[in-house]
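Handing you a structure now.
Note that the chains take the letters A, B, C, D and E in the order they are written out, and that residue 1 is the start of every chain.
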Amino acid sequence: MSAVLSTHGLVARYGDFQALYGVDTELHAGEAVALIGANGAGKSTFLRAIMGLLPVAREMVRLDGEPVGGTPTDRMVRKGIAIVPEGRRLFSGMSVEDNLRVAIDQAARMGAKGGWTLQRLHQLFPILAEKARTPVQSLSGGQQQMVAIGRALLCQPRVLLCDEISLGLAPKVIREIYAALPEIRAAGTAMIVVEQDVGLAKSASDRLYCMLEGRVTLTGNSAEVTREQIGEAYFGAGHAVV
Amino acid sequence: MTVISQAPVEPPAVTVRRQTPSGRIAMTLAVLGLIALAAMPWWASTGTIRSVLVLCCYIAVAQMWNLLAGYAGLVSVGQQAFMGAAGYALFVFAQTLGINPFVAVFLSLLVPAILAVPLYFLLHRLDGPYFSIGTWVVAEVFRLVASNLPLVNSGAGMSLRVMSQYSAFERNVAMSFLCALMLLVTLGGSYWLLRSRFGLALIAMRDNPVAAASQGVNVAKLRFLIYVAAAVGCGLAGAVYFMAQLRINPPSAFDPMWANVAIFIVMIGGIGSIEGVLIGSLIFFIADRWFGEYGATYFVVLGLMTLLVALYARTGIWGMISKRWDAPWFPIRRTLVDPDR
Amino acid sequence: MDREILLKARDVSKSFGAVRVLHEVSFEVHRGEVLGILGPNGAGKTTLFNMISGDLKTSGGEIHLGGTALRSEPPFRRCKMGIGRTYQIPRPYSGMTTFENLLVAAAFGGGRSERDSYAFCAQVLRDCELADKANKQAGALTLLDRKRLELARALASDPKLLLLDEIAGGLTDEESKDLVALVRRIRDRGVTIVWIEHVLHALLAVADRLMVLNFGEKIAEGVPSEVIAMPEVQRVYMGIEA
Amino acid sequence: MQWFDALVQGVLLGGMYAQYALGMALMFGVMRIVNISHGDLVILLSLIGISMAMAWGLGPFTVLIILVPLGVFMGWLLQKAILNKVVGSDPLPSLIATFGLSIALQNLMLQIWSANSRSLPGEGIESRSIDIGGIYIGLLPVIVLVVATGLTWGLDLTLKRTRFGRALRAAAADVEAAAMTGINPRAVYALATAIAVGILGFAAVFQALRSTVAPADGAAQLIYAFEAVIIGGMGSVWGAFIGSMVLGISQGIGFRIDPGFGVLAGHIVFLIVLATRPQGLFGKA
Amino acid sequence: QTAGKIKLGYISPTTGPLASFGETDGYTLQKIRAVLGGKLTANNGNTYEIEILDRDSQSNPNKSAEIAGNLILNDEIQLLLPASTTDTILPAAEQAELYETPCLSSGAPWQAVIMPRGGDKQSFNWTYHFFWGLDEALNTFVGLWNGLETNKKVGMLFPQNIDGETWGNDSYGLPVPTKKAGYEVFVPGYFQPRTNDFSAQIAEFKKNNCEIIGGITYPDDLKTFVTQCNQQGFKPKAVTVAAALLFPSSVEAMGPLGNGMSSEVWWTPAFPFKSSLTGETSRQLAEQWEADTKKQWTQPLGYSHALLEVAIDVLKRASDPTNRESVRDALAATDLESLVGHIKFDGAVHKNVCKTPIFGGQWVKGEKWPYDLKIVDNSVNQLFQPQQKIQPIQWP
């Protein structure tokens, strides 16, 4: 089975600062992969690089085997990748409904098909139906996170990238969101989930990658990797407490 | 990972570096420069003094704009309101009321100071481009009011004929002294302010006023004071400038060109730095003197240069220099030199 | 527990237009204790903070700090009165270094002279594990470091009462243990803390009492273990049906 | 009667201001681009139109048909070549860039067309009027007002109801996030600026018919456009229209009090609105 | 070898809103430079190098003062020549007076250059001006109107600037001679330049049944005004304004409404004088311009030329043209037949002023160019006969 999405020696930098040093990963259809790692390990950078938000070489990212590295973000979305970005990034000044509608519009424009509709989203997050006319900036933090997830889903992605979606959510909502993930995957959507809570990450994924300082230091089946392995991969072999 | 130790009772002494070798050199040069400026009548021709005066006005006005836009986040395009108001005040005091013009310069600073207070309360709730447009309209209102005000001879304008009562040398001494004072107040004052704790608050307030308020910064008061200070600074420049111009009328007093000049200088030089103001002023001054005679072509080039800076060199010339060499002339950073590492 | 009451809220309400987000909430915080606040997303927790810190005006009710009623004091004055807070979405002064960020708080909120602030701020930086980033531009910090900066800055203003809004989100287990230790130390120094947090285990490790909000109403208050066990709380917050 | 006449003439004047304000409502109000060269673009379009009318003997309607697409193209080019590089939450870069452009454009026009005042031959429509009970209503101002109303209506619907409108508002709020939902922000912005400058094509023709244009004239109307947008409230297209009316009527009545007071009256009303309702008449608090 | 270098400073508005006034300056300078060939042989027998430094005032009074100061103090010119418009001349003249440099200007009514500087109470040592006076322009206006049959009711337009304040002045402005000649005058108040709406003034004029409009405006305001007059059904028999109707381009800009507009005339090819420098007649000069630039002649052309003509004459006569005082003395003693008439500072109206002739003109449909300016009144200076009689405006 070939990968839907794969990276090959992915390198990314912010100006003079190199954040990724040759990251190789792959993601198969319908698969959920967790990406864990300490803060600043480069997880968000990895997702941003895939989305075309950072300049990378063409060959470094492949979608269905086709090199797509550095493609403008909007075209990546058109190719079927969506992201729930770090920090939500909603369209402030617009209502909840208009925020979601933007994604629906674009999906319709691109002719993307998928099972996500407003109704289904409202079942997942009922509060969004209630707040449909509210400007997003006056939502609570967690409510904003829901809009961000909904917006990504309405892009009808084949590959969904989630950057710490549980951040700032009440346990109940996290539970609900993670309960919804299998449903999302059932439709054939592959996912990369960046998550700090290792337990959550393991339970929600088939495989996981652990990153340290811009490199992948561990990969394996989520069910098989041990806490010790993760601990080591997290902080590096040479880790010492100063 | 650091294992957190129990908090020591006395924090260990730390060193904070605030001055740099480059800063010391620059400071010495600046002091010498100011002295040289004040002593111009003894070494420079009247022509040089006249030119330097215009350059000093550029620097002062640009620095006031920089203080507002680059530090306090208040992008004003109407500082000419205060220049014109002070200029007119000088003409009224000196020409109409017969007060010694060199005394009148200082008296005339009261006018922008007093006008700035109600204006601030009119404008203070606006931010970003709203504020800019507001200041522009205020300057227009000043111009229109002056056009209708018989006290200042309405649209016809005024001449400052009393200047001919003083000898060329006396005028030169006064002008040189005023130039030095103007730079001392605007540049030196800004530098002093930025190095003080209010400098910290100013940048904090620009970056995030809400957070600054929750950290104990009285944002409203600080903005108010900066606005009034910039009004007075521009007023001083205006009074000195129009004293040398000898004529004032509504369009010249409230000439939006000053906003253009300030924007050009600060953007080319590098916003948010005193060094940038100096560099930008010098460039603009030289360009204006040397290429001004090329008329329209000169302006096309000037306009395109501004455009290019906005597109490709947002930090201006000083930004590019300081990226390469970390040698500020007017350092305001507080660098923590932690003995622990 | 009859220690002196530092913060007292009586019947505090807040409405945005027709939308009521807080309804007659009353509670007390004793000097030196840690009060944890829980509640589903959008329950009104942050809004409550905003009213204590003066960013928002109350629509009804009273708030007292150490016996004096807070009325129309603007935020900066409340900070000087000893209320320090962090923002859920970090608000660094991005044009300054981390160290200078702290100096603002110490020199204004803390009322120290600039010189006095130096050693103090350096110490706070060390406490918050930001020492090595002291001279880094705050705008270039990672999300985690920005959150640390929020906390450090609030501490630098020398608060009597510290309001923490979701500072543990996105931390690894290791990091959140450190954070808990830090919060404990802050408490031990005599600072009273109110902490909104969704990362329950972190909160439970320090909180002396918990208060739970739901739809703007207080639904529970008391000893953490008891509150957590209440069926109502389990249902609305954790999504566990009794 | 006198005052009623002032009111009518003020409304008609407001129609003219709306031509300037609409494009600005889109660029300044929605995209947060402070376009200082707004007025200069009108002059540029006018001068091109006049030159074409002179060279080929075109009537004003034909010129309009040519200028609007030309404006659309110029707007598209402006956004692609310049503004796309300076958009962002900070309004300063766009202000500086267009400020530079404005100086360059003005002087380039001076070199091409000289400082002479020119106007568009109107084949008499600029002189015709309807007499209603002693109040003369100029045909041209009525056309201007009708066009302004139509443009406002169309633009408002476009922004509120269409896919493009939502995409534009999204891109204005957060460019990167917009791209993450599949919007090509550059294309959306280019289209928006194209529309904004296209509308200026109308302003160009009407301005050149009712008065004259010369290279240095651009700034004169710019301030009114800004005022109208701010009086109306950012982001509201009908707001900009109403703002233009408020401005036109204030000036109209001011002129009757004293011809020298009209412009000042407009500014004063603007400042009063700022002081009492800084978010504008239609802005959200 | 030369006996030294003479520098002339020439300031004119070549960019900005007043650039039309400066349009002929660059052309004329080039021509004169070619004639001189960088050398000037003075009457004292010495040959001097001569350089004319031309500067752009950018239509901005502040710039004009700065440039003048710079030319005087840093370039050390011997003679300053601010070419036209009060915005250029006044600030330059003030600088010249303070820094004791001879200054010769033209291209603005002399009252507008002398009075705002306190000229009613004093005379000046260094600054001289030749042009017609307001009183004569005003009488020319009245002369024009006398040629028409009207109800003698005049509505007037003045802008809120120095020109407007001078022309509208109640003791020496347009209303004075107009009333004296038996006309009734209506001034609704001064307007801001670039006003978009004149319906207030038009209503006032209509109410008072004015058949004549007089005053001073710039071209854009006049076009707006006249267009609105037409819309409002107000059709006066004569529209006579200064400034706006100087340039053929602005008359063309008015479209069919331009036909029949009248104004004062400073200079036309019909002038009977010759250049003392090149020997060209006025007509030759205009034809040369039209051939060289493919543009219709404009009135400042004659004055651009005359200003340099007088300046060269002054330098030639100066005992030491490199010395400012000697140049000033020569300037004061000027007595020259120039392209625009006799230049002599005889103190008839003011020590520093020489008056030049003025006529009344009307724009009519032309042959070579869309509109031609015809002299229709010579009531102030009878140097030559009018080319034709003034006609009431035929409103379309």
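Convention: a contact is a pair of C-beta atoms (placed from the backbone, for glycine too) under 8 Å apart; a residue touches a chain by one contact, two chains touch by 3 or more.
Since this is a predicted model, take the numbers as computed values, not measurements.
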item	value
Required steps from subunit B to subunit E (each step between touching chains, minimum)	1
Between B-D and A-D, the pair with more C-beta contacts	B-D
Chain at maximum distance from subunit D, centres defined as averaged CA atoms	C
Centroid spacing, where centroids are CA-atom means, of subunit A and subunit B in whole angstrom	48
Approximate Å spacing (C-alpha centroids) for the pair subunit A, subunit E	74
Between subunit A and subunit C, centroid-to-centroid distance (C-alpha), Å	29
Whole-Å separation of chain centres (CA-atom averages), subunit B against subunit C	41
Subunit C, residues touching no fewer than two other chains	174
Residue numbers of subunit E (touch at least two other chains)	15, 160, 190, 192
Residue list for subunit A, restricted to those that touch at least two other chains	none
Subunit A partner contacts - residues on subunit C that touch it in the complex	16, 19, 38-43, 45-46, 88-89, 142-145, 166, 169-175, 198, 200, 236-239
Subunit D-facing residues of subunit A, complex	51, 53, 72-75, 77-78, 82-83, 85, 89-94, 98-99, 101-103, 105-110, 135, 151-152, 155
Contact set on subunit A toward subunit C in their complex	38-40, 44, 86-87, 127, 134, 138-143, 145-146, 164, 167-173, 175-176, 196, 198, 234
Complex interface listing, subunit E residues touching subunit D	15-20, 23, 59, 160, 188-192, 194-201, 203, 218-221, 223-224, 227-228, 230-233, 247, 249-250, 252-257, 396
Interfacial residue positions of subunit B with respect to subunit C in the complex	1-2, 4, 6-8, 11-14, 16, 196-197, 200-201, 203-204, 206-208, 210-220, 272, 333-336, 338, 340-341
